[in-house]
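So that you can tell them apart, the chains are marked A, B, C and D in the order they are listed, and the count of residues begins at 1 in each.
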Amino acid sequence: MLHIKNLNKHFGGIKAVKDCSFEVKENEIVALIGPNGAGKTTVFNLLTGFIKPDKGHVHYKGTPLLGVKPYKISNLGITRTFQLIKLLPKLTLVENLLIAKQQSGEHLLNIMFKPKYIKHEEKENRNHCVELLDLVGLKDKRNHYAKNLSYGQQKLVEIARILATDADLLLLDEPVAGVNPVMRAKIKNILKKLKEQGKTILFIEHDMKFVMDIADRVVVLDYGTEIATGTPKQIQKNPRVLQAYLGKKVKL
Amino acid sequence: MDKSAKWVLSIVVLLLIVVGLFVAFSPSPEGKETRPIKLGAIMPLSGDAAAYGIPIQQATDLAIKEINAAGGVDGRMIKVVYENGACAGKEATSAAQKLINVDKIKVILGGLCSGETLGAAPVAEENKVILFSPGSGSPDITKSGDYIFRNFPSDATSGGKVAQAAIDNGHKKVAIIAEQTEYAQAVKEVFKTTFEAAGGEILTDESYASDSSDFRTQLTKMKATNPDGLYVLSQTPAKYGLVLKQISELGMNQQIYSNEFSAAEDILKDYKEEIEGAIYAEPSFDDKAPKAKELLDKILAEHGELSGALPPVYFATAYDAVYLLKDALVECGEDTDCIKKFLYGVTDRAGTAGMLTIDENGDASFSYVLRTIKDGKAMDV
Amino acid sequence: MALEAYIIHILIIIGIYVILALSLDLAIGYTGLLNIGHVAFYAVGAYTSALLALNFGTPFLISFLAGGIIAGIFSLVVAIPALKLRGDYLAVATLGLAIIVENILKNWTSLTRGPLGLPGIPKPTIFGITLTGITYLALVIVVGVVTYYLLRYLIKTPFGRILQAIREDELVAKSLGKNVTKYKTQALLISAFFAGLAGSLYAHYITFIDPTSFSILESVLIISMIVVGGIATLKGAIIGAIILILLPEALRFLPLPSSMIGALRQIIYAVLLVVLLIKRPQGLLGKKTEGVVTT
Amino acid sequence: MALLQLLLNGIIAGSIYALIAASFSLIFNIVKFMDLSPGATFVVAAFSAYSFHILLSIPFILAILLALVVTVITALLINLLVYKPLRKRGADPFTLLLSSFGVFLTVTGIILLIFGAEIHTFGLPIAKGYDLFGAIITPLQVWLVIISVLLFVVLFFFMKTTKLGKAMRAVADEKQVAATLGINVEKTTTKTFVISAILAGIAGILVGLEQNIEHNMGFAVILKGITASVVGGIGNVSAALLGGFLIGIVENVGIWYLPSGYKDGIAFVILILFLLLRPQGILGTRTREETSG
């Protein structure tokens, strides 16, 4: 589904991503792990077109993503969350989700000529979004402003928003960072349900227990390059991974 | 409706009350005959041109005081209601609306800037109210309406006269610098057409924004074309002085052609050498003539000094305008159609500004005279 | 009769500024496009409509709509900086653009007669009736009401919601597949269109326009209206317009020496702007974003 | 072609723009918003110097110093009454820019109220200019350029060597870091407003002497000052000198070819070109991150 071949990106002298290649198969949950500064978020930014790579190709379902504008990449069915949660503070939860929807009501011509259809589509989308909020257990807060939610709740909304985009490939940037165990379990179930629905997930995470529980495959990055790929069990035993982490004094 | 909305509505209601109360209590003239006659006045009282609203106001107040002292109009005192035109069309329109519709005024003295008169004219014309300007020179005013009059000559005459003077002096090549305002551009256009028609050549036509005070590059451009003469036109005497200063700083000593600001007090005082020998056209106003001298002395007595913002002719035209309107009111009361006929009938009426005749467009046919400055004094050429 | 004529005059001016405030609120309040050059659209609309009427004698409705359309097209010029810059950089760029427009109006004398301005702009005649006074007010009210309800409807559609998303965080909007460039340009186009209409209404009412009536201070006045009334609330823009037009007019009736009125007028609305920015940043009617959605 | 005269005209105008640009850059550096109040302090200085020297006939040097004191007090009041509460509430740069518009209109409105709209002059004797190979510059204008350049030299060393100078640069680069290093951010900000007001004040007095004094002379100057600051490199004080001279020269040379009415237009076309193509200006480094994350 997603093929990345020797991706390169440097900022000034620092090589953030160096000859990084890996792939993500259809309907797979892949974890992207690695010590801090390994270039994980940079890879996400390259995939979503926020920054342009210096070298390398990325193909999604065969179509190249190089140089495609972020909003076009998103329309291809790839969507992401952000390390620092980015909800729309002055909009309500339902509105935050409705933004993720591609609707005909967004185009002025439709507004002029198909007002009834837009109303109908709006109602439909609104119901779907309320369902999603219910899925993450925030239905009662749907008319509250995103600004007033707790950190954990905002994480859930971000995931609900991902679902609202009906995207096939979900890029999650540390979905459970700083989240209490109860919420973490809830997110784990949601990810499992998504896999059953045929979604493909690539997520960055430091919480190894969570990674080992849920990931089908793990890709390890170090100094911007892929040093190991395999099932969670294989990765645990892989000496290069240990060295990469231990060398960096990270609890494994 | 939370607290703030209530707060907002209370402000709006309060404002309406203030406006309503004040208007309700302002005396309406229809009533008894002895009530004072209200004369409207629109002139610049704020903004850049406020400086030369002052001489007009002083002359008007003096005339009104004298008229009321001598019994006013058949016993009814005249009361002047001043409104700020701020030398801009938009303000003048609001001012005229207020004077006509709230104070129910039938005769308005003003505007001073041409922009004011043009802004107020449509409102006055629509309500058949007399608008009499003592100082607007723009040619556009000639056709601006039957109820629109002035006793100040159209700039056309000033521009044309000076252009002819330059040709007569043999200065066939002239460079122009004119401020970007209604008045200055209108007069410059007339100067250009007359000068070119008479065989002269305009080497360069420079301009500057009203809020800028650095004309050195425009003057450098003019200097480079080494003209025989310079035609300098500003909106205010103060700006005119600054242009003269920078002309002399740049060592340009060509003959200066300009307008009546060359005789303004401030110029004669602060820019004595620079203005020496300048040739300009001015409504034929002899401030030595007995009536004129008497007026200027009275203003000097009352205000301690003659505002140098404008040449003395503006005192005279304002003073004469008030007396002329008074005579019209005596003749016709507040019937504006009768006043209109009366004003159109004015021929060779003696006044402090000289003999006044009003033509069929409501303009004053006023002769311009060529003058020059010799060691600080205005003299006929 | 007289008193009503004065009130009608004030209501017409308020109506024109309501349309300007509403259209600017779409850009600043809803899309977060900090446009200080709104007066440029107002001027382009006024001059287009006046020149068409004066030179080609076009019927009012055509010159009126043309005013809006040309202002809209001009907004595409403003869109170039608007797409790339953000925050106070954008504000200063649009400020520069408005000054350039004023500069062009003053200097392109062959088209606009420069400082001489355009006198004698014909009063509009629709279906044979020449509109003055009360009938003109009716026209202004109709246009004002149409503007209000059209914008209110637009804001409730998904299009309106995306504008607010762009205001909140462009990056999120981009990551959710929204072509931010297109929406910003469209928002600016609509905002400019209505400002152009307001310009045409002004030109045919005052019948004399010159560059001084379109200075930067007009933009600041319009912005103050939406700040006073409440950023991102259409009703706020209306209230703001009413207050900031009535306040200086009320000054005219207070027994103040007439030379102080001009300065006082400028001080009053400047101080009001500053105080409100400090005390009630969301303006009088602005919805406090803490609570649940009230409307 | 009187190129030399044009360059001279450009440098004279440029030195005023440079002072205002520096005054603007200092404030922008510290509080990170575009502040129009230097345009107001510029006018306050000119009118105070005029009233002390001409109306109260206080000796020239003393009048200038008193005028600068009044200017600094005005700037401190503006910072205290308007910008501090807004900063405390975490207002965004646009709100602060808007408030600076309000401040500008209030201050110039008050001056209009007190002094009226007449145009005043110091009435200095009009000196013939020196002739430098055909280009002419008056003694006062020579002083004007010298004072402006001198001020920049002083400012440059002040920023580099003195404690306050280093504190100002630290707060400009990283406010939080500066705070942790024990720099009192609030006090440094106030001191910055003082220095900024002095620069704008001196510029105001110089223009007051050279040309004339009117209540609305501040607006065009601060806008040109912002343009110069953006072109030179916003936030970089010595770049303001470069930006100032550049705008002055391009403006004056520009209207040699274009009709002179477009003088203001030229400056703002340059502003927009720089904002679009090189927002960090000639000397500046990329300070604002285009895309985050």
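Here, a contact is a pair of C-beta atoms (placed from the backbone, for glycine too) under 8 Å apart; a residue touches a chain by one contact, two chains touch by 3 or more.
Treat the numbers as computed from the prediction; the structure is a model and nothing was measured.
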Inset, instruction - Please list the single chain whose C-alpha centre lies closest to the global protein C-alpha centre. - result: C
Inset, instruction - Would you kindly say which chain has the C-alpha centre located farthest from the C-alpha centre of chain A? - result: B
Inset, instruction - Could you grab the centroid distance between chain A and chain D? Build each centroid from C-alpha atoms only and quote it in angstrom. - result: 48
Inset, instruction - For chain B and chain D, let me know how many angstrom lie between their CA-based centres, rounded off. - result: 37
Inset, instruction - Indicate the whole-number Å distance between the mean C-alpha point of chain C and the mean C-alpha point of chain D. - result: 31
Inset, instruction - Just give me the whole-number Å value for how far the CA centre of chain A lies from that of chain B. - result: 72
Inset, instruction - Please list all residues of chain C that touch 2 or more other chains. - result: 103, 106-107, 114, 171, 259, 262-263
Inset, instruction - Could you list which residues of chain D touch at least two other chains? - result: 112, 116-117, 219, 259, 261, 264, 291, 293
Legend entry - Shared-contact residues (touching 2 or more other chains) in chain A: 50, 82
Inset, instruction - In the complex, go through chain C and note every residue touching chain B. - result: 2-6, 9, 13, 103, 106-107, 109, 114-117, 119-120, 132, 206-210, 212-213, 239, 242-243, 246-247, 249-250, 252-253, 258-259, 261-263, 265, 280, 284-285, 288, 294
Inset, instruction - Could you pull out which chain C residues touch chain D in their complex? - result: 34, 80-81, 84-85, 87-89, 91-93, 95-97, 99-100, 103-104, 106-107, 114, 171, 216-217, 220, 223-224, 227, 259-260, 262-264, 266-267, 269-271, 273-274, 277-278, 281
Legend entry - Footprint of chain C on chain B - complex, ascending: 2, 4-5, 7-8, 11-12, 15-16, 18-19, 22-23, 45-47, 50, 53, 82-84, 86, 88-90, 93-94, 97-98, 100-102, 104, 115, 118-119, 122, 126-127, 138, 140, 144, 180-182, 184-186, 207, 209
Legend entry - Interface residues, chain D side, partner chain B - complex: 1-2, 5-6, 9, 12-13, 112, 116-119, 121, 123, 126-129, 131, 136, 138, 207, 211-212, 214, 216-217, 219-220, 251-252, 255-256, 259-261, 263-264
Legend entry - Partner chain C, residues of chain D touching it in the complex: 33-34, 82, 85-86, 89, 91-99, 101-106, 108-110, 112-113, 116-117, 219, 223, 226-227, 230, 259, 261-262, 264-265, 268-269, 271-272, 275-276, 279, 288, 291-293
